[in-house]
Amino acid sequence: MADYQEFINEMGSKIKVEIKKKRRLYFQVKNDDILEIIDHLFNKMGCRLSTATATETYNGVEALYHFSDDKTGNYYCPRVVMKDKENPEMNSITPIVKGAEWIEREMAEWWGIKFIGHPRPIPLLSRNHPKAPNKPMRCGR
Amino acid sequence: MGVKKLLINIPKLMESNVSADKIECEYLFHRKNEGLFSLLEIAQFASYCRQCKSAFCVDACPKEALERQDNGTIKRFNMRCVGCKSCVLACPFGTILPETINYVTTKCDNCLNQLKENPDYIPLCVKTAPEGTFKMKEMKDEDPDKKLFFVGKYLAVINPNWLQKEGKK
Amino acid sequence: MKTKSNLKNIVNKNQIPLGPFHPLLEEAEYFNITVDGETVVDIDMDTGWMHRGHEFISEQKTFTQSIYLVERICGICSTSHPLACVHAVEDVDNIEIPLRGRYIRTLVGELERIHSHLLWVGLAGHFIGYDTVWMWAWKYREPVLQMFEIISGNRNHYGMLRVGGVGKDVDPASVPELNKILDTLDKKMDMIAKIANDDPVLRSRLVNVGILSKKDAIDFCAVGPTSRASGVRGDIRKDEPTDAYDLVDFNEIITKNGDVYDKFVVRVLETLESIKICRQCLNKLKIIDGPILNNVKEISAGEGIGRYEAPRGEVFHYVRTDGTNRPIRHKVRAPSYNNIPTFQASCKGIPIADALITLAGVDPCYCCTERAIRVTDKNNKKNNIDLLKLSRDKTSNIRGNF
Amino acid sequence: MLNNNLLLLILIPLAISFLNIFLPTILRKILVFATLVVTSIITINLFNANNETFTLFSNTILSLDKMSYFALAGIQLLSFIILIFSLKGVENNIQKQFFALYPLTLAFSNGVILSEHSFSFLIFWGLSGLTLYLFNLLGKTKDTPKTAKKTFLIIGGSDAFLIMGLAIVWFLNPGNSWSLLSTNIPLVDGLSYTAFFLFLIASFSKAGGFPFHTWVPDYSKDSPVESVAFLPASLDKLLGIYLLARMVTTLFEIDILVNLIIVTLGAITIIIAAMMAMIQNNGRKLLGYSTISQVGYMIMGIGSGSILAFAGGLFHMINHTIYKSNLFLALGSVEKRTGTNELNKLGGLGKIMPFTFIMALIGTLSTSGVPPFNGFFSKWMIYQGIIEKTATLTVGYQIWMLICLILAIFGSALTLAVFIKFIHAIFLGKYQKKFAKIKRTPINQILATGLLSSLCIIFGIWAVKIPLNNFIIPALQDLGLSAPQFIGTYNPQLIILLFGLTFVTGMIIYLFTKKVKFDNNYLGGMDAEERFRILGTEFYNEVKNMKPLNTLYSWAEKKYFDIYDITTKFTNSTAKLLQQAHPGQLHLYLLYIVVGLLIFLLLI
Amino acid sequence: MGWYNKRLAKSLWVFHISGSPCNNCDIEILDLITPKYDVERLGIKLVGSIRHADVLLVTGVFNEKVAPKIKKIYEQAPKPIFVVAIGSCPSSGTVFKNSYNIVENRESVIPIDMYIPGCPPKPEAMIEGVAKLMEKLNG
Amino acid sequence: MKLEYLFFIFIFPGILFTSILGLIIGWVDRKVSARFTFRVGPPFLQNFNDFFKLLGKEATLIKNSIHSLFIAAPFVAFGTLSLLATMIGVTLFYGIGFGGDIFVIMYLMMIYSVMIVLGGASTGNIYSSIGAGREVKLLIGDELVFILVCLVPIIKSGYQLNLESIINFQASNGAFIGSASGILAFLLSIICIQAKMTMQPFDIPEAETEIVEGPLMEYSGPPLAFWKLNHFMMYVIFPFFLILIFLGGFNLTGLGILWFILKYVGIVVVMIIIKNTNPRIRTDTALNFFWKYASPIGLLAIILAILGV
């Protein structure tokens, strides 16, 4: 656990740690800070983006990124909560992490999250789809 | 106290003969949720069940999914239960409602989020349940005379209680 | 990274559609390859042909059912997904697994790696028109399937895993036989490794083809043999040794070049390592006794991440639970999902023939790339046709028609 | 004097051309047509004539032997067919000039062929170059002025060489008259070699042999298509090769080394031009390069020193003019319908212009030397001749000769590749909607290409019967050579008959078993959209990118091998003065000729 | 037609379509060609173009995106053509039947002549299916 | 036109003989390849069944494409191949020249490629077009070497072009394979015919996994049947041609028949072995191979032949 203590110390002001357990650190980040955090994780610490998960909760639409630090086996999961459920918006991290292109496209497609600054904002799975669903992963309530 | 509780009148519900899945739930996460069943399950084990010394249901369960808790109630562990409903058959008192012992379990979150935003909020289950069976109400104390018992922090039931009948409570 | 204006330019060029049904792709998949002559200028992938909505279905199923569901994400590494899935569930509550169960998990996982890599070697051979390699590799893959049949009773889709352990025990009586099969396999693999090293024609076809640079591998977050061939370290079995991986001895294979040949080599050598691991597991299974399953009672509310080093790289599962026996969110990320976008880097500027083998080089499996997604399912009246009746009807139809 | 047939052949078109300057277009067309009818009739009448001549001031100026008759007949035939093509469809704004220039060209070409006197030969030769230049100026692409300048410099420059060559010939052979037909200068000393090579340069420049070929593709691209089919594709080949044939037979007595050098030049021409043609994306340039490549065969055949090959070379000359003008005209039809000759803008026209497609296909197959078309027969003769010649050589020469032969045969594979690209890019491949509504090909164009195509087939199948026996063998005999003996066997009639039988058998089986359904392209389940298209223009990018060809190609693209560019660069750097002296104007050209003539006269 | 059908039975060229399967059926199909099962001895050959096919092997539950393409492919196939559905997926939908994205009634996409159930069916089962088809063709 | 000729072209050694032998040898190929990979392989009459089955299937014509060319291409190729088979066969079996010399045969052999290209590309299918392009590239690759190897017998026979004189020369002076240049040229020629038949490793134009059988992609029914038949006919034509120009032809008396079978099967087996032990190579590799490696060897063979070695 000491491993990610360093990260918490460094970034303490920008993150709100939610869950801290063996090898897993979940923390909340404001949309404005996400790029800085990701830059730190990806470029400075050499973490690898595993994927990202979007979920709809009562608090809003969440995007949870999973960064794996392959040297220690730790996971850093910054979570961005978008309060506006109708038009969720957040900064795209694709310009920093190329590998996020697909997953962000997928989240945009199925959750209706708008990623600001995404280089290729076209649907991933529902192109040429004769019956493309509309924001299907949202709870729809 | 100020906390609203969901009050369920179980005898009335049974009388009304409305099948339980007609009552809807608005719990967010599952596509088709019957949060009600989880409420009923807790309620039935908490108040209805006789808490037999050597519980037939526990013995009958092929998967060791039922266990007696410290406080005497029976608890079903959802990862073990396969929904075979042997326990329903085994209970000599018929206290276990077959509908509640589902393989795929559900969850009620007491609509806390909605209530936080609007204290006068009326959950969907209350709206869709037969008249008078579900209520959102502020309650101070249990009232054994009216067969009103509290289960946990947010739930209250009106239900004949074997323990009370036998004078254990 | 492409910009919009860039895309516009491409429209004027010649395009070659690859798929959805193309003999190169066992699954339906569609690539729009922009070419200049036979040189690939750009590659654009349109996915979603295999999309069945696993994440959606999973939310309606219990964890135990989910395991069988994710097993059917894809048949090639049909242990990796369940393994990652149970890891994720176990991660929520830090559930301990009995030792014997851990060894069995590792055994099954590694056998699957052998079978998957052999399968790839064969298919790669097929793609470059070397059917002999295909046939040979698949011939040697049969014993592995036979081992699976001994262990689990099925050639594919083994259904071995449970939350908290494994569902089926390995019969100690069958261990010598399994060991024997492994021995024969060992020799055959040595031969294939030799072919990989020696065959000049094969080398001329694969060396320096479709190079994925180390930087691109990191940028695209590639995983598994794809990134290891480019010299990027990263093997979940070493990084986060679950199951019995901290108890067995094996090496992580890394090469530098990142071309298809290196991917080939990495896979072949990994197979040898896997055989080593399987041996160790089998030996341990002879001695270790005990339960195979920790009978989990309940999963508490929380979030869990599980991963496993599938033959193609890291499989990632994330589950979020609310205390019931089913997930409220189940995210699946297959290795190919990260590997396939690397085509954009590795396929540009090479001839089509090379591009195709490069596509095959990451051993993509689109089935699991496209697992996710659900849709509000209001009318639930599925037409569940009676299988038996249908198959009887139809078979008799054929009888009648001729 | 005016009843001399030979003179008439020159004078009539000349007169008509002057007359035409004052007439409206429609009359010009009629007159030109009439001229051609007349000249053709004269030519036909001359078929059996023996040594018709025209003398002036007791000098034999014009004369006709069997070889010049052969060339003359070729010129009449081609002019006639190309005229049919041009009757309708020439660009409106150049029609007037076109029909004035057309008879002019005819007159000068006839003049070249018929001249026996070197003086007249020189004048006609120069003037025919001039019409080439004038035709070029009718083009309207943006490169036209540049190309015109280039053409003019190369052709005009070669005239100067010709003048010098003639001067040397005269110097070497002062006793003889000015006759071109009976000099027979042995190649013994430096001077005679110089003369020979000066002549060679002239004939190569005209015909488009390496390394003086570079004007052909540019000219093809930038001039009106009828003139391309008319001049570089047919008349210039006839003239250049005619000169070459004269050189190796009557003008000089050449030895085996020179033979080998000419053959080598021919082989190099074949390969280089074919390789260059492979990478062209402009239809006309591609044809232009392939024209050059075909010239290589004629050069080889004529220069090899074997009678069989010589006959083959002559035959190839006429064959080539037939199929290459066919191809140019077919391309012209396409160009006039679609408005472009860039291969990458065309495609899928086979369904829309089926007739043109078949004609082009026949032209293509003849060019590539596929039996039973005419191109194969002449190539086959050339190969045999070379084999025959090789058998008589010493070991070292044998290897040299055989390498040239290999290159030549390989050249026809390359040609095939070139034309697959050509055909594919224009006619095959994906059907395009944008072409669906284009106008139909006018009947005169179909007639012209159809005539040429049927000639391809007729000359291919009855090669011995028609062209060889009637024209070429008499020509050889006239030159005092024996009739060629084939050393291989090739029986086109039998082959085509048997082939037809088997083909029909196959078709019958097909017709019996056929069940047909119509469908769109299968593209793995995708709809066959128009963007999914292979043009064919990029077929040979791999060849282009191959080491070391890629460097060669890039050099070629930078024009390192272009004699014109080399010289201009050379001139640029050495003498600014000279550069000022040739801005590429007509009057300057005339000045050159005048100065040349003056020198010439002084020499006399 | 009897004579012809016998020829057809001895020379079934197979084209394989995957309509959102889990891949396992497809792998098992390929397995058929490899040394252990070797269906070439029955004259069966895997072809790459639909135009050459006599038998279409379809696998998987068809999802909405791929279904029109499958239909198109079927229409492009030269007749006579037989459609054999491999695996439980096309016949029942297996675990996927609750998903939104799959076609409920696969018969509405292409007419299926024969089902070979199993998840995945063992190669032996597939061979048996093919053998039945041949039996039928042989009369 | 003698009646004899009809027999030549239709029965022996033309269409009937060549097709049947070709289909059988095609079976040998498939069988041996299967053996190579531990399989059983197809039954003996498999290729016949395939052929007749295809005859009964529907033929697909592509809308908006050049139908006549599409249909004619396989039959033109068929006609040419029958012609070739007859020309080569008549010389081999009867010792007389028929219709053309070695140059004619070389050029006739190109027609097959041309027809593949035209037929395939007439459909407008991109894969067919790519395949067509590859076919030509392969053609210009192997043609150079093929010319070289064909010149060797010409040189060795003292600049004879006629097939029968080449055979007769060999009959009196021993087969050309007996010399250094002959061996070199023979080996090269096997690679060449491998390429001409588009067999692995040169199955570039018809690569199933890359371009879906390339030019043949859109063919179905009878035209496809004929393409397949054409391919099998080449199993006869090319080895016979090699036997003719390098192995001294046939002597069909006594032990000669054994020799005949041995020569023929030997060549076929070598081809099958090459086919099964090599992956498909790329077009540029093929061109490189032919132009940079094979043709110098071919040239060497020619020089040796001129020197009489």
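Chains here go by letter, A, B, C, D, E and F, matching the order in which they are written, and residues are numbered from 1 within each.
Here is the rule we use: a contact is a pair of C-beta atoms (placed from the backbone, for glycine too) under 8 Å apart; a residue touches a chain by one contact, two chains touch by 3 or more.
What you see is a predicted model, and the numbers here were worked out from it, not measured in a lab.
Asks: Going chain by chain, each one touching the next, work out the least steps from subunit B to subunit D.
Replies: Graph distance in the chain contact network comes out at 2.
Asks: Pick out whichever of the two, C-E or D-F, is joined by more C-beta pairs in contact.
Replies: Most contacts of the two pairs: D-F.
Asks: Taking mean CA positions as centres, which chain lies farthest from subunit A?
Replies: D
Asks: Approximately how many whole Å separate the CA-defined centres of subunit C and subunit D?
Replies: Their C-alpha centroids are separated by 63 Å.
Asks: Which integer distance in Å separates the CA centroid of subunit D from that of subunit E?
Replies: Using C-alpha averages as centres, the distance is 59 Å.
Asks: Compute the distance, rounded to whole Å, between the mean C-alpha positions of subunit B and subunit E.
Replies: Going by mean C-alpha positions, subunit B sits 51 Å from subunit E.
Asks: Rounded to the nearest whole Å, what is the centre-to-centre distance of subunit B and subunit F, using the mean of the C-alpha atoms as each centre?
Replies: 83
Asks: List, in ascending order, every residue of subunit D touching at least 2 other chains.
Replies: 517, 519-520, 522-526, 532-534, 539-540, 542
Asks: Listing for subunit F: what residues touch at least two other chains?
Replies: Subunit F, residues with two or more chain partners: 37-39, 56-60, 126-127, 130, 133, 208-209, 212, 217-218, 221, 283-284.
Asks: In subunit A, what residues contact two or more other chains?
Replies: Subunit A, residues with two or more chain partners: 125-126, 128-129, 133, 136.
Asks: Pairwise, which chains touch?
Replies: A-B, A-C, A-E, B-C, C-D, C-E, C-F, D-E, D-F, E-F
Asks: Which residues of subunit C touch subunit D in their complex?
Replies: Going by the criterion above, the answer is residues 11, 14-22, 28, 30, 35-39, 351.
Asks: State the interface residues of subunit A toward subunit B in the complex, per the touch definition above.
Replies: Touch list, subunit A to subunit B: 56-58, 139, 141.
Asks: Please output the residues of subunit D touching subunit C within their complex, sorted ascending.
Replies: Touch list, subunit D to subunit C: 523-526, 531-535, 538-542.
Asks: Taking the complex as given, what residues does subunit E use to touch subunit D?
Replies: Those in contact with subunit D are residues 49-51, 69-70, 72-73, 75-76, 78-79.
Asks: Touching residues of subunit B toward subunit C in the complex: what are they?
Replies: 29-32, 38, 64-65, 67, 77-81, 103-107, 109
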